[in-house]
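Here the structure is laid out as structure tokens; the discussion comes afterwards.
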């Protein structure tokens, strides 16, 4: 192999980014597809949040849909009932979900593994119940209509679907970059250390509690940001935007894409969403097909699509450079493998 | 100089006195060993010193500062590192990444540095890499740096866990049964490594059942049984203490040692 | 345009809950639309001199507003549907955000929530009577003998809550006493005995309740079992004809609610009942969900014929007032609309409700609808 | 008699055991020596069916074991007392032991005989029989593990480093018990770091290095072998 | 007072149903560490299959429940073989998503076979008795009695019978279990079968006082999770105590506070219990 700095990962990232940038141009005014893309991009931002807490620290937060819903409703209610502008509302959504994540993390993170998952599932459900029942503030099931578009700058008019799409895309790229930077840095190493063994992490001076709390807060912040954007994209929002189903959908996106990877969330989100749209023609029967597909995916592709590509590239590379030892590089792709390959016959 | 001073330390687990009113002084630059039967409270004592457990009574002072009940991430920052009785590594990361994780406590760059790739961040990453490599060289395992931790031999894994502890730049290193499961030959290598560590200016606390190692290395020995001190002193005094022989070494121990 | 919708096809879009908790409801509406479309195709549809086949294209939204909006956009753009039916207030409102600004389509709104025509959306056609019409006459009827204590046992859905508020207001305005609110989620409660005994413990004269017919019937049965002898005030979601299938009809005596479809003697009623039994199922009765959507699908197609356009939602909407009179008699099945208000509400001046007497007979009472 | 031929096994498709031949004769005590990570545990795990071999065969008294699941192998009379003990920590000692007799559950009388026998061998377990196994000291837990393996009435007992992490006094006690078990007629295949003590009670021995047998012979031969003396006896 | 007695009985009956459903879930968790989110759909299928035998085939009520339990046991075993066995070494996130996939599938199957509309199933046990002024239906008494009997038998099975103990053994150490000759595979199947059968009994008992719908398991699913958390994941006595506690809390809260509070109580309980005891009420501390 040559000594060029060619990196398949970088190429892959570039390709995905390019595809997303150019997608609207190839649609020829198909606003429905643009809508699916835009909505998908908002979900993907939230999924990056889930990636931070789940992919890097190994904690499965099932309150994610709930925090997304908080973002949705803060922007939804502030821009309608209180007549705020969009941007300050979004800021409030981000700050509230960040603080909310940090504070609730104090209690939530006392629990571990399955307990954490179920604790956060309950939290998510309580958020949903509050949103869907607190009639006087959230209008419960009536939902919120007439959510404002973001105020434009100069020529940018966000009521144009395509402009809105690029706005969401900008945030999405930001989310992906933050994930990348965090993973590459000592912070990423800290989080992965916590995921692998909390006791050991503690013994080398990592403040496990605080770091998990920060990671949790970061993840809820992403969810809140995504929710705020989602509200503007939809115009009308109801309590289903905070439902537990949404959390599981996001989890599905991330598993299909590849847990802990930089591209996984965006790839997984778009693939699954388009799968969902595609199977819409089967109406109620689509779950007869989708259910088994989901099961098959986690059984046969536990590392997700991007996880596989990474492993594949890794293999090619180590074959190319001879022994895999001594590369001394950062943990980039090793740590993304969550599948345990224990071949015991038990 | 006394680096660590323990007074009246106790830890109860629902009625069980795992550690009971223990006093201990660890002098700087020396090796202090703690021995005793299984369940005597040795590991618990280490857990108390490193902040993993909160004591139910007593005090721990380190470098004249009270660190009683301080959480592990702070004791490590103050300079106490430890290894575990069962080797514990970040199993799916490389050896080098394992040791790099030990640098976290000495790093100061934040998420924002990482996202913005500030010069401080880059400088620190370079420094961390150097220090980690130094720790690998020191423990003699730098050739394994690119391998996945769980796939290297046990002995190397044990060395990795020591390198990881050293990467946190400790002043006091607590080793919990570093030689468990090693052959005699390998044990010799570990004894040498521990001597090197001390020579490098790090004080060592050692829990070990391998008497050949303890007796040849330790400057001072504390013997625990049922959480209580039953003897303390130099290897010679401890070895011949009838209480220690009865509770721990066994009558035919002398004879076995003699044969070796 | 997407696959299948050639130039000789009119696609009617439908997004509703086809799976999940409200699937039965969504399916009823789908059946009503499909039956109408079959009948229309039978007769032949000609717009602007050209023959068309009408086709129903359905997508599942599981009652979620955002999914409904996405579906509506897909139906309008991919399948060139000029009309999209949605049967839940959330989805309707989300679609209204869309058809007022982005993608034009006429919204067939099946929800009795008056809010949906208060928005001033110009491309909305509200199908059922507003539930506001019912509260006053219902309360009127059930307070004739000096009943004064009202128990509340409605479903906890948005719609149920709006109803509860309305009835509460109405009841109080007559000086009656409203007891504690025991609204529950009809879909998730696994044992209704508790809420019922709680309600009965306060000795109500009248109990307001209602949600999907089947659980409503079970609750009524439970109340009777526990010895309740008073009357029931039923919200419009619960249908007598369905409840009769689920519980001994005796239990339903002394209750007021919407008029069963089979009790209409409109020209097309019999045929619809037969067609439903033949093509859909014999096991379930035809309800107003089936019947009202059956009627409105015919109105929409007639409006296309009137407007001479199959793809201009505005023109179609504008043609509805004229089209109403043109719809064939066989589509008149349960109080066919006589007008469409400016706000877009299909209405029949002679709306009736039904009171099931203590002897199990149905009496009908006229309903006066508020002005819009 | 246990015959291992050309056995290879490993983790993640990488073999750590390469074509190993080992024989453990009926009623004898066979010891396996080897540095850390030389593959002793891997070999034992493969023999007892926890791990699948990538090549080779395991035969026991004429029946082929390789390919059987772990529970089938226990039934065939081979008991494995694993590294790390793997006790049922929250169950009382006696339940651990009774579960050890799971494969003999149809013969209740035999199970109770065996129970009486292991209590005789380790009286301290009788005192502790109602205590959860996890609360016992390390040495006592090791005794439970050995006793539990004996409860399946094996004709061959595989012991993987029974003295690991035990205090010197207890190590001696455990090895005494192993010798006693062997004297009672049960074959033993033993991995042990305490080579000297192990060779003293063994009949035959093997030395593993990097997954291969590098030396084998009678216990006395090995005790005298200069290489063994240096690497394992610390002389 | 009458109201209180009435609610107490309702609570006990509900608790019986919750317990039966929760025990299966907690056993599955104990043995396989799987939070089986599809458990509610097994309960739903159990109800429909009971309905099938009772109404469509026309066998007696008790036999219908028994037959349905057998059918569901087979389905449970299949679920274990096809979905969870291949995932036995995967992290719990994968289990959860696989369970969600299975849940989608089962619901779609039920809807395809029985339709989306509600079904009603009458039990032959009708009428009620008056106890201290409260009207208690026989069906509820049957539920409580059946639950107590089944729970008693089950506790005996797990604690005393060697087959039951294999479940507990695997819970505590998988490798150890296989080394004493227990086949983890077989026990996993046994556990899944048992869990599905118990859920079916619960469903068969409760269906006559409610309705059948493809989504009937959704609400239950969340509640049984609350219960096993309350009791400590994997703990059998925990599930029993948790089941009755939660049912009574739910009934009493909605009686004396408000219906909405009653609905939320399960989740409030999870959050509160875990905030105070992060590993549930009955879980024991583990040594580091």
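A, B, C, D and E are the chain letters, set down in written order, and residue numbers restart from 1 in every chain.
Everything that follows uses one rule, which is that a residue touches a chain if its C-beta (ideal position, glycine included) is under 8 Å from a C-beta of that chain, and two chains touch if they have at least 3 such contacts.
By chain, with names taken from UniProt: A, E = Branched-chain amino acid ABC transporter permease; B, D = ABC transporter ATP-binding protein.
Here the structure is a predicted model, which is why all the values come from computation and not from measurement.
Peer 1: Touching both chain C and chain E: give me those chains, sorted by label.
Peer 2: For chain C paired with chain E, the chains in contact with each are A, in label order.
Peer 1: Name the chain pair with more contacting C-beta pairs, choosing from D-E and A-E.
Peer 2: So, comparing the two chain pairs, more contacts are at A-E.
Peer 1: In terms of CA centroid distance, which chain is the most far removed from chain B?
Peer 2: C
Peer 1: Which whole number of Å gives the spacing of the CA centres of chain B and chain D?
Peer 2: 31
Peer 1: For chain C versus chain D, what separation do you get between their C-alpha means, in angstrom?
Peer 2: 75
Peer 1: Can you give the whole-Å distance between the Cα centres of chain A and chain C?
Peer 2: A distance of 39 Å separates the two centres.
Peer 1: Based only on mean CA positions, could you tell me how far chain B sits from chain E in angstrom?
Peer 2: Centres of chain B and chain E (C-alpha means) sit 48 Å apart.
Peer 1: Name the residues of chain C that each touch 2 or more other chains.
Peer 2: 18-19, 23, 156
Peer 1: Could you pull out the residues of chain A that touch at least 2 other chains?
Peer 2: Residue numbers touching two or more other chains: 133, 199, 284, 286-287, 341-342, 344, 346.
Peer 1: List, in ascending order, every residue of chain D touching at least 2 other chains.
Peer 2: 11-12, 49-50, 69-70
Peer 1: For chain B, which residues count as touching chain D in their complex?
Peer 2: 36-39, 85, 151, 153-156, 177, 180-188, 209, 211-212, 247-250, 252-253, 256, 259-260
Peer 1: Within the complex, which stretch of chain D touches chain B?
Peer 2: Residues in contact with chain B: 11-12, 14, 35-37, 137-140, 161, 164-172, 193, 195-197, 230-235.
Peer 1: Can you check the complex and tell me which residues of chain C touch chain A?
Peer 2: 18-19, 23, 58-60, 63-67, 69-71, 73-74, 76-78, 89-90, 93-94, 96-98, 101-103, 113, 115, 119, 156-159, 161-162
Peer 1: Residues of chain D touching chain E in their complex?
Peer 2: Result: residues 48-50, 69-71, 74-75, 79-82, 85-91, 95, 98-103, 105, 134, 148-149, 151-152 of chain D touch chain E.
Peer 1: Show which residues of chain E lie in contact with chain A when the two form their complex.
Peer 2: So the residues of chain E touching chain A come out as 29, 33, 35, 82-83, 86-94, 96-98, 100-109, 111-112, 116, 174-175, 178, 184-185, 222, 225-226, 229, 233, 260, 263-264, 266-268, 270-271, 274-275, 278-280, 288.
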